[in-house]
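Here's the structure, in structure tokens; my notes come after.
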Amino acid sequence: APIDAFKGQKGTLDISGGTAHIPVMKEAAKRIMSFNPDIRITVAGGGSGVGVKQVGEGLVTIGNTGRALKKEEISKYGLVSFAFAIDGVAVVVNPANRINALTSQQVIDIYAGKIKDWKEVGGESGTINVFGREDGSGTREVFTEKAIKKGELAPSVNVVSSNGAMKTAVAQDKRAIGYVGIGYIDKSIKAPTFDGTVPSQENAANGKYKVTRNLYMNTKGQPEGLTKLFIDYIFSPEGVEITKDSGYIPLPAGK
Amino acid sequence: MDARIKLLRILAWLSAFFVICSFLMLIGFLIYHGAPVINTSLFFGNTAPLEAITGSRPVWDGIWPAFIGTLCLVGLTMAISLLPGIGCGIYLARYSEGRKKEMLSMAVDLLASVPSIVMGLFGFVLILFLRRTLAPDATTCISLAAFCLALLVMPALVVTTRSSIESLPDSLVTTGISLGFTEQQMLLHILIPAAGKGILGGIMLAMGRAAEDTAVIMLTGVVVNSGLPAGLGSKFEALPFLIFYTAAQYTDQEELLRGFGAAMVLLMLSAALLYAASKLQRTMEKHWKGAR
Amino acid sequence: MKDNKNTPIWLKASAAYVSSLMSALFIFIALCAVDGLMKSGPSLFCSVWDPERGNFGILPMIWASGLLSLSSLITGWTFSVGCCCFIHGFGPRWAARFLANILRIMTAVPTVVYGFASVFLLVPLIRNGLGGSGFSWLTASIVLSLLIMPTMVLSMDSAFKTIEAQTSITSAALGFTREQNIAMVVLPASKQWIWSSALLGFGRAAGDTLIPTMLAGNAVQYANTPLDAMRTLTAHIGLVLSSDVGGTAYLSLFVAGGILLFVSISANILFRLMRKKIWMQG
Amino acid sequence: MALCAEIKNLSVSFHGRKAVSQVSAELPAEGISVLLGRSGSGKTTFLRALNRLNETFQGYEGSGKVCLSLGGKMKDIYSADQLTPTDLRRKVGMVFQIPNPLPMSIRRNIMLPLQLIPGFNRSKAEDRMETALKTTGLWEEVKDRLDTPANRFSGGQQQRLCLARTLALEPEILLLDEPTASLDKKSSELIEDYLISLKNRYSMVMVSHNIRQALKLGSFFIFLREGKIVTAISKKELPEGKEAEKIMSDLL
Amino acid sequence: MALCAEIKNLSVSFHGRKAVSQVSAELPAEGISVLLGRSGSGKTTFLRALNRLNETFQGYEGSGKVCLSLGGKMKDIYSADQLTPTDLRRKVGMVFQIPNPLPMSIRRNIMLPLQLIPGFNRSKAEDRMETALKTTGLWEEVKDRLDTPANRFSGGQQQRLCLARTLALEPEILLLDEPTASLDKKSSELIEDYLISLKNRYSMVMVSHNIRQALKLGSFFIFLREGKIVTAISKKELPEGKEAEKIMSDLL
């Protein structure tokens, strides 16, 4: 629905969960609240798990996740999911690194601890410092499933807890390798081609680049009232614009 | 003997060097990155400052609501924790003996070692429990966060109060008693003022902690945007969470710098709180001593 | 013929309030931990953490928690005593005042700022100077000890101050230097508070979540050298909490909380026993 | 004879070590009773038993009975229902052997205890302060320094301050632990004269090491040795002049 | 005549208020010099000027010159290059008017200062401690309680402890601020006799309020009033017996 639908509405809407969603949610909230100050929308992070838990317990009305809900989560709380965007995940290295291309096999071996030195993949010699995300994170799930095909992860893989932290770690360390959402790539880190494909939003949108995930909004039962209006707004042209501006690829409603 | 002092001297200089260097590096780093971005737009975004301060228009892209949220949070936390914390410290120092004292002081020490994240979890489960029993509409909010933070800062308050009262010379108590002061009067007019500096140290610790902790409030009601806190039952913004969030999710360099700016503001806010507290303590001490 | 001090009611009330809150908290943690243990049981007590393959070992994290909190406590505590000495006589007065003020301001430095700044300052330093990825036991330990110092110094300081005021003139008259007065008179007389500040510091070190999460690397392995990455129980709680609900991983979080509490209780009792023993001796 | 204090089988020990043992005595209401004895003989402990101050020390254990005449009645001060320790201590003022000013200004030192008495009136209290300071000869010395911390004053000044503080409280019984020990002769005499003038208003018990002073002020003497009473003797039973001094110093 | 101290134009003020002003005096090396004066007249301040202790107080300001005979030479104690204050204070021992034991056991109170002297020897130090405690008559009273915190002892016992602590250090000059103020006659005499026996070993400066004691011990008397010297008089110039006492109390 366009923003006019909020006219005359009143009440509060609490949103929490996945941190990747926040830019979209915040921008939407800003526009809606500026349009109609009687509406109060709060946006919180916490992570996918927190989102599920909070929406399930009724503490918030929309809980965001960066991964599809698990079966037991759906059955336990009766949640309904709305995927509204695609986010690609790219393997990244330090800009000072000579490497410009990696194959999925190389990445699998690096994360399994079989390849330990950059020399072995054609870089300057030096131990590879491997960074990953915490288990359960949407980014990691996509990466393990689609980039390294559920390959083994060495216990010595360093774990960071957010895209930002990953970026900081890789941007600082010439010998580091990690992975982030495509939206986070800027000149401080470099994404080598993965199996020959440039990891970019275009390639993700047109399906060439396969390492992608969906971003979801979840509600307890079918959304009503303000909640429904909000979700509709995200899928409206204006909402799609916001999603795009935040670095994600919008999905049409009902997918 | 001499060896011991020499050792201590080396240690003292080393420690001082370590602390001062680390701190200066930290501050230098913060100022280097944060100072350039501190301006009204960091605080108020595109909103006119006056309108923002009066709350007539919400602030977007500014840290003003988080700033106020943190102030409210600290105030609320102190309101909940100050009296019981200091009271418990005094109780430990003066009115408990033997096993009871041992148990209580151990419990306080244990409380000090409960991770803040567990404290947050406790608050979270508590509110779930409340929803199922007493208050079905209860939700995570600023009061819950303050309550959990109060638990978190309590040990520092208790321990410092206790130690500063216990280290007072015995003769002070004896004098007070011999002048016919009741326990209450002795506490109010002699012991607490005499231990004022130490207790203040505890209060500073507690305030600092309340202003900076992220893990607790993350689970108990802090949000990325909500505007100014609307009441005791509302969700709120807070600076430490804002910083944490920025550190975790920044997408470009500019956003990161704003994070540094927020960190500097938080630091200055805390320093101002500390300064105010010590000013207050000095005035009160002057009054108590009646000295010029 | 003994005077039973009648405790002012608000003190009793606050003691009762604090203890009841604490019991509630402890019972909550204990219940959750037991629940978690019952449901997940022995699968937690192995060395491999790999939820995708059904391995939920948290032993390396227990090891890491103990290692990290103890190492930072020891350095932090030693440095705290050093700082107290510096403030009260070992350093020139202006430097002492400077240091005292810095420590006071440090109480207000948000943990996340420590973590954040260290990622940019300390981690590269360690990586380039000593090797490894820079995210390591050593890094976290240095920052953690810095983090817990103000707490400890401030709680020692009040005792130092009172006792120094009482004794400094006497000591001067006996030909003690200010340093000797601190080392020989004030330090022994404030033993008790130095100990209790260690407990406070330990609590802070063991309970911190952000620093190990941001700086220790979080790899689930037994860290054997200071340059190895490690994951502490607190970091684990934080990491799991934000991403998962239900399942063994989620349960492991409560068990981790329970274990942390258990470890703290043991450490506390141990501390107390040690303190008693040392007191007996001198 | 009217009594101001009746002590029966009083024993006090600290950490299991007797400081006063099995002491019984009756102190007359009129005049000043003086405690004498060598250092460590238990004089201070005895005195502290009269306002229940011993109990505030670590390792205290005590037994026996102490009755004081307060408000015209004999009261057992150790039985809880008759008097709270706080009330007792307000009515039985004590001046310590070692001066113990509170860490605040002279004025606050005297005014604070007065402020805490129900029915406090500022201007009346200021008057009392001035009177008390004048009596102890301190007024001239400190009147322009009333707001200076008390611990900056000389030993004798502090001692007189503590005396003034207690006097300002107008207790019913005064316990004085060597109130003139660190004072010069003139100041001592000033205070002695004042104490004599108070003799009829308050009952007083005092410790003194100065036999001449004891003879001048006292009307009843108790000699302690190692926590026990050696002799209790009234002034009437003593000969006049030099001889009395001799007898007393032999008893010490 | 050999001098132990030479004081020239000494002025000391605290917070801008003169405690001692423009005092000049020469104290003989032989015998005991006694300071007399009313409470607050500056005796303690004068004494503290001799071991530079005044400087440790807040608001101190001082001028003038003080030379002490240390190690056979006259030394200007306020000139930095001759002696550090710490060394000075070790050589010039002081006993305070108000007993000030350190918050530790009796034994540590005496042993600790000894330990800090270069060339410390434990068994010798233990001997010194015992001797010092015996001299002050404390040994019998405390020998089974040496490890008890010092502040649990009676006022007189604490005073004697502080005296013993200073004596054990074997200083070259002894400053005594009313060392027997809170002691009974017997204990005072014990200490007086001991001081007399030390007269030839140490130079001593002492404050006393007791004219009889002053006459018994002293050989040189300085009378202070409001921070100024009224008279300085040597014993030889005084008549014998009663008369001397009279003259002295008039001077006070």
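Order of writing sets the chain letters: A, B, C, D and E. Residues in each chain are counted from 1.
The criterion applied here is as follows: a residue touches a chain if its C-beta (ideal position, glycine included) is under 8 Å from a C-beta of that chain, and two chains touch if they have at least 3 such contacts.
Since this is a predicted model, take the numbers as computed values, not measurements.
Novice: Quickly list, by label, the chains bordering both subunit C and subunit D.
Specialist: For subunit C paired with subunit D, the chains in contact with each are B, E, in label order.
Novice: More contacting C-beta pairs: A-C or A-B?
Specialist: Of A-B and A-C, it is A-C that has more C-beta pairs in contact.
Novice: Please compute the C-alpha centroid of subunit A, do the same for subunit E, then give the distance between them in whole Å.
Specialist: The mean C-alpha positions of subunit A and subunit E differ by 81 Å.
Novice: Take the average of all CA coordinates in subunit D, do the same for subunit E, and state the distance between these two points in whole angstrom.
Specialist: 29
Novice: Cα centroid separation between subunit B and subunit D, in whole Å?
Specialist: Inter-chain centre distance comes to 48 Å.
Novice: Roughly how far is subunit B from subunit C, centre to centre by C-alpha average, rounded to an integer in Å?
Specialist: Here subunit B and subunit C have centroids separated by 17 Å.
Novice: Going by the contact rule already set, what residues in subunit E reach two or more other chains?
Specialist: Each of 57, 115-116 in subunit E touches at least two other chains.
Novice: Which subunit C residues touch at least two other chains?
Specialist: Residues 120, 163, 166, 180, 184, 238, 241 of subunit C touch two or more partner chains.
Novice: Going by the contact rule already set, what residues in subunit B reach two or more other chains?
Specialist: 1, 183, 219, 247
Novice: Touching subunit C in the complex: which residues of subunit E?
Specialist: 51, 53, 56-57, 85-91, 93-94, 96, 100-104, 112-113, 115-116, 165-166, 169
Novice: Write out the stretch or stretches of subunit E touching subunit D in their complex.
Specialist: By the definition above, subunit E touches subunit D via 14-15, 17, 36-40, 43-45, 57-59, 97-99, 141, 145, 148, 152-158, 160, 177-178, 181-188, 209, 211, 249, 252.
Novice: Please output the residues of subunit C touching subunit B within their complex, sorted ascending.
Specialist: It comes out as residues 5-8, 10-15, 17-19, 21-22, 25-26, 28-29, 32, 78-83, 85-86, 90-91, 95, 98-99, 102-117, 120-121, 146, 149-151, 154-159, 161-163, 166, 179-180, 182-184, 190, 192-193, 196-197, 199-200, 202-204, 206-210, 233-234, 237-238, 241, 253, 257, 260-261, 264-265, 267-269, 272.
Novice: Tell me, which parts of subunit B touch subunit C in their complex?
Specialist: My answer: residues 1, 4-5, 8-9, 11-16, 18-20, 22-23, 25-26, 29-30, 83-88, 90-92, 94-96, 102, 104-119, 121-122, 125-126, 151, 154-156, 158-160, 162-164, 166-169, 183-184, 187, 195, 197-198, 201-202, 204-205, 207-209, 211-215, 219, 239-240, 243-244, 247, 259, 263, 266-267, 270-271, 273-274.
Novice: Going by the contact rule set out above, which residues of subunit C touch subunit E in the complex?
Specialist: For this pair, the touching residues of subunit C are 163, 166-177, 180, 184-185, 188-189.
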